[in-house]
Amino acid sequence: MSEIKKKYESVHYTDYLQLKKVLDAQHLRSPEHGEAAHDEMLFIIIHQVYELWFKEVIHDLSSIMEMFRNDNVDENNIGTAVHRLNRITEILQVLVKQIDVLETITPLDFLDFRNYLFPASGFQSFQFRKVEVALGLKEKYRETYNNIPYATVFSEQESKELHDLENADSMLQLIEKWLERTPFLHRNDFLFLEAYKKAVDNMLDKERQAIDATDYLTAAEKQMRMNMLGSTDTFFASVLDENKHNEMLNKGALKLSYKATLGALFINLYRDEPILQMPFQLLSKLVDIDELLTTWRYRHAQMVLRIIGRKIGTGGSSGFDYLLNTAIKHHIFFDLHNISTLMIPRSELPVLPDHLKKQLSFYFTTGNK
Amino acid sequence: MSEIKKKYESVHYTDYLQLKKVLDAQHLRSPEHGEAAHDEMLFIIIHQVYELWFKEVIHDLSSIMEMFRNDNVDENNIGTAVHRLNRITEILQVLVKQIDVLETITPLDFLDFRNYLFPASGFQSFQFRKVEVALGLKEKYRETYNNIPYATVFSEQESKELHDLENADSMLQLIEKWLERTPFLHRNDFLFLEAYKKAVDNMLDKERQAIDATDYLTAAEKQMRMNMLGSTDTFFASVLDENKHNEMLNKGALKLSYKATLGALFINLYRDEPILQMPFQLLSKLVDIDELLTTWRYRHAQMVLRIIGRKIGTGGSSGFDYLLNTAIKHHIFFDLHNISTLMIPRSELPVLPDHLKKQLSFYFTTGNK
Amino acid sequence: MSEIKKKYESVHYTDYLQLKKVLDAQHLRSPEHGEAAHDEMLFIIIHQVYELWFKEVIHDLSSIMEMFRNDNVDENNIGTAVHRLNRITEILQVLVKQIDVLETITPLDFLDFRNYLFPASGFQSFQFRKVEVALGLKEKYRETYNNIPYATVFSEQESKELHDLENADSMLQLIEKWLERTPFLHRNDFLFLEAYKKAVDNMLDKERQAIDATDYLTAAEKQMRMNMLGSTDTFFASVLDENKHNEMLNKGALKLSYKATLGALFINLYRDEPILQMPFQLLSKLVDIDELLTTWRYRHAQMVLRIIGRKIGTGGSSGFDYLLNTAIKHHIFFDLHNISTLMIPRSELPVLPDHLKKQLSFYFTTGNK
Amino acid sequence: MSEIKKKYESVHYTDYLQLKKVLDAQHLRSPEHGEAAHDEMLFIIIHQVYELWFKEVIHDLSSIMEMFRNDNVDENNIGTAVHRLNRITEILQVLVKQIDVLETITPLDFLDFRNYLFPASGFQSFQFRKVEVALGLKEKYRETYNNIPYATVFSEQESKELHDLENADSMLQLIEKWLERTPFLHRNDFLFLEAYKKAVDNMLDKERQAIDATDYLTAAEKQMRMNMLGSTDTFFASVLDENKHNEMLNKGALKLSYKATLGALFINLYRDEPILQMPFQLLSKLVDIDELLTTWRYRHAQMVLRIIGRKIGTGGSSGFDYLLNTAIKHHIFFDLHNISTLMIPRSELPVLPDHLKKQLSFYFTTGNK
């Protein structure tokens, strides 16, 4: 296409979508090696559909990551970022729903062509790996299969591309840096951490005294109530103590830096302030994506169990057990989930000083017209 | 590919799925004519996904129609036919769900590339027309758009293919013939129509007398109750009278022949008899497909309203109104829906003679071992 | 319950949820009048579930309306309003999904208890009417059934409550007033309507000239392209001319005032500005709700067709046709859908003057620290 | 209600559904102990909805179990059994979908009323336990929480009811007995197990020879192919050897008896024979239910993680970890899943002798008219 296309030239649906190519890319292997297996068509088509969706997810995700690569994320972009993350959640819902279609291939029908596929397997999906790596799944946290590095099934070039992607900032890291830049935490008129710490202490004290003062709880009941508070206490401790947090980081039990965690906590607690409304949605959407991904992985594992049982899968993988483990372990935004552990009731929230409240508002509504 | 592929040769996921082709078929027009529009990628991909699914639907539907082309449908195939119809319903559910993704393209974003698409439109989807025609939508019943025959947007060869498909037996016609062959309607020991007629009469009589005998209903309430019965009566009449049925056929108000309607009625009423259990499921699945298709059409119309409003659509179509009308008019198995109007309560069902019951059972369970 | 409950007193799940009451509210009529019909249980339970969800929808909707009743809607509330509208969309999705369950009652099974229900029908759902009225469905726009006012099936008190609700501001009216207060439309440094009008003219001119200048379009093709522009033109006209708009209001073809329409248009066009990001979401969620409601109505109609055919329904209603018409006519936020017709490409958007851009931003990001 | 209700007496929707009771069963605790928490309403309503659905599931499940309690399951009932199992899958899909609604309660909002609920928790849902026990979850296979027997949270009477249910035949056991009665396994003209064993041997031999004979596989590739076969071999072994099967039963690795497993295998392999079409569907629906239940449990666990983090939950439970384990361990029809491991390709299926084929057909189609 050496010259610019003519803008008003008519274009036909079939050409625009390159349907001749797309609809001619289903080459069944079963008719060549034996009898044509009816369901091989579905098997091919559904995987092509998955790959098309992965391409779109990568397209959206990359555009969002681009927005966050700058040290000053343009506030005008946040709406679009949230919108595209939301699109990804809609796509993931379709991906989950599609498993219902895949499961219409019964074990007996799958055997009609399974032998011809070896070792092709989803394990070899380059795009899916890209999605995982771009979101923030590092190799050291991966469930391995037979101790084989996940990138060995790819070409040298693809392998390099994944490697480079691992070394660049992932979505998780970009968000971490963005959270670390939250500007409202240390101010002359408001020290967020101090205020939060005090609020937590107050809250726990009040609860302890109130429980103690009841005349309708038995000693055992009181103790149980106290224990519940205590355990919560432990969780709060890690936020209040930077060293403990860093220990957990080193052990791999946490992934977000101390500073980023404080930023996320602030956003979650004061989410109603105008400047934090969209950031709160942004964090929520990342958690949505994580949740949908783990649901997809879990359903995928169940589907494999159903269709091929615990046989060694195409690709030599043991299928079910490996996939089940990835569902459980490959959480990416787990730390954002954990923020919920650190919430305190609205009634206990430290009141923000007027000037800070103003800064969290719109220019227009603060009276600056 | 002149020689047989080597059966045990390894095949890679990427090659098997021809991903190089499939993932290289997204050619955005916006970057050539102006600025790249982010959402054009989604627009292309989702339509390609729709087309891939249409290919699978055609694949499944054709295989089922093949089974019904024979005058003696092999009973061993009915399970598979039901299974594949069910697969089609699962796919249609995904197609409906995908509209949620498409709707993430906002009106403003669509404008960024809408101009470059003219006159490409879903109106030009050859495969979708094939699905409609194969199911049984005849041209004379189609909602037309600007009075243009639907096939004019296709190549001569495609046009001919659609024409031939129209002239061959559709799924609806194959089912009609199959229903007409229902063997249990006219027998020495059981005349289904007579028995049904008598049961309907009895039922209506009993109801009328019972209503009349109440002492707690006012005259007006009695009349209302009577009216309700009467109206039901009218519906029953068309089944009991072949001439009336044929009149409605001629007017296009019905599509299934009198004989086929009786067959469908018999299956619905005696669906618990072993030999009718799968046929009942088969009819139900066809109604499911009809319902999902009309739902998809309706949601599609709403989506068009949302994204392009009532502007003239790409392709010159007025979009919303045309699509809304297709949702309402393009029912294919409407007559099977209507069967519900002819049901009578189980308690009124004519008892089947022993020998007929035996014939509706399994060889094994009748004591023939 | 005369005194305050003890805060730390243990409460059991069963008591908290009042399950003894809730799970003892399924009184089947079939066993009293004839044989127990297995599916009557589902029929009762699913309708109770619907009513419980309606209660929640009313609870959420009322809380949002409360926020908008004030002339100065607190910006801190908008996030919550969007969140709760989103919850309503999630609930509506469940309501749509539940129709799949309801459709497992086959026509034959429904007949086992249908007679005992007369004239009970969804037509008598007080809460559903409340949802409709609260959203903004006025009686004069209602599809009537047998010309009977919809409120006649309710008690005097309920009837009055609906009447009062009709006379109070609905969600639609509250949004209209809120939109009318959009403060950025008439300013010394920016007259939105003028700027928009000019942009539209420019855009159409440019298109016309460009089409005319092509050497690869035939005269007919040029004419078609011109016609498409023209028709769009007509739509734009009503926004640019207050009198035309008011005429359409009088005819009932539009519902939002001229001023509110301009506000909605401004929000949609400049949705990326920080202060408009949440309002844009708010409008989108209202459209989502409208779309889900019409989908639910449409599926509901199809379900009635399937289970009782075109018989007169329980409640004396002709069911299918009435319900189908409500799906099509009972759109509430149709005008917001129509906004899409008025969009212009981002490239044509009038640039906002600096001071206005500042006013649409956060206090903090404008450099006011 | 001492006398028979009047059949034609009008009944109002509100009365029929006992809405006064149902809609008056939402008693929020938050307003009594502090400020009214908006989301407590949703929390109560959604759990009531869950319980209503559980009631329906129990209603359907019980009716199916009743059918299978007889030693001669009436073939006319199988269609209804499949239909009701399918209904349960539709309900379970709604239950999964509802989690999306529940997740609109954010961690911060939940804290507004969480303290008032202690120790109420889903752990105390009597009906859910009934569903689990009726399906076949025995106490010894349960994930325990803090080593507390699950029934301790119930009243004495409820506890006894659960105990009795555990001791009666569960759905799993009823199906096991039904499968054990499969009549076609040991016949003069056909010994299923022998035939199957021979087919497996043949198949594996053929594969081994074919792999060995290739000239394009390296020694390592051949070995890998051989290993894959070998491992499959091991799985087949347990079916072919009754003692090995019984060992696994004793270890709890399997739950279905040897005989029942053979029955299920036969049904899966010869599912196209008319008499096996519905039994095949029945087994598939049970697997569907298992899969939906585990999906629901998994999503439930993720939701708890999201809303309350890893805090000790209401009810004192550690929530997430406990729930995650139940998702993985509380499979009920796992053995039916495993059948897929024992499938052999259709091309290898032992041919059934004519008389047996006849017995698997309908009386009518065998020529006995």
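Each chain carries a letter (A, B, C and D) given by its place in the written order, and its residues are counted from 1.
By our rule, a contact is a pair of C-beta atoms (placed from the backbone, for glycine too) under 8 Å apart; a residue touches a chain by one contact, two chains touch by 3 or more.
Just so it is clear, the model here is predicted, and its values are computed rather than measured.
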Completion exercise
Relative to chain B, largest Cα-centroid distance belongs to chain A
Completion exercise
dist(centroid_CA(chain A), centroid_CA(chain D)) in Å evaluates to 30
Completion exercise
Cα centre of chain A to Cα centre of chain C, whole Å, reads 31
Exercise for the section: List the centre-to-centre spacing of chain A and chain B in whole Å, with centres computed as mean CA coordinates. Expected result: 39
Practice task
Indicate the residues of chain B shared as contacts by at least two other chains.
Solution key: 7-8, 10, 106, 115, 118, 225, 271
Handout entry: Overall pattern in which the protein chains touch one another (line/ring/star/complete/other)
Key = complete
Practice task
Write out the stretch or stretches of chain D touching chain C in their complex.
Solution key: 1, 4-5, 7-8, 10-19, 21-27, 29, 32-33, 38, 41-42, 44-49, 51-53, 55-56, 59-60, 63, 83, 86-87, 90-91, 93-94, 97-98, 100-101, 104, 106, 115-127, 153, 315
Exercise for the section: Quick one: which bits of chain D touch chain B in the complex? Just the residue numbers, please. Expected result: 6-10, 75-80, 183, 210-211, 214, 216-217, 221, 225, 271-275, 277-278, 280-281, 358-366, 368-369
Fill in the blank from the handout: Interface with chain B, chain C side, in the complex: residues 34-35, 106-108, 111-112, 115, 118, 207, 224-225, 228, 231-232, 235, 268-269, 271, 284, 287, 291, 294-295, 298-299, 302, 305-312, 316, 324, 327-328, 337-347
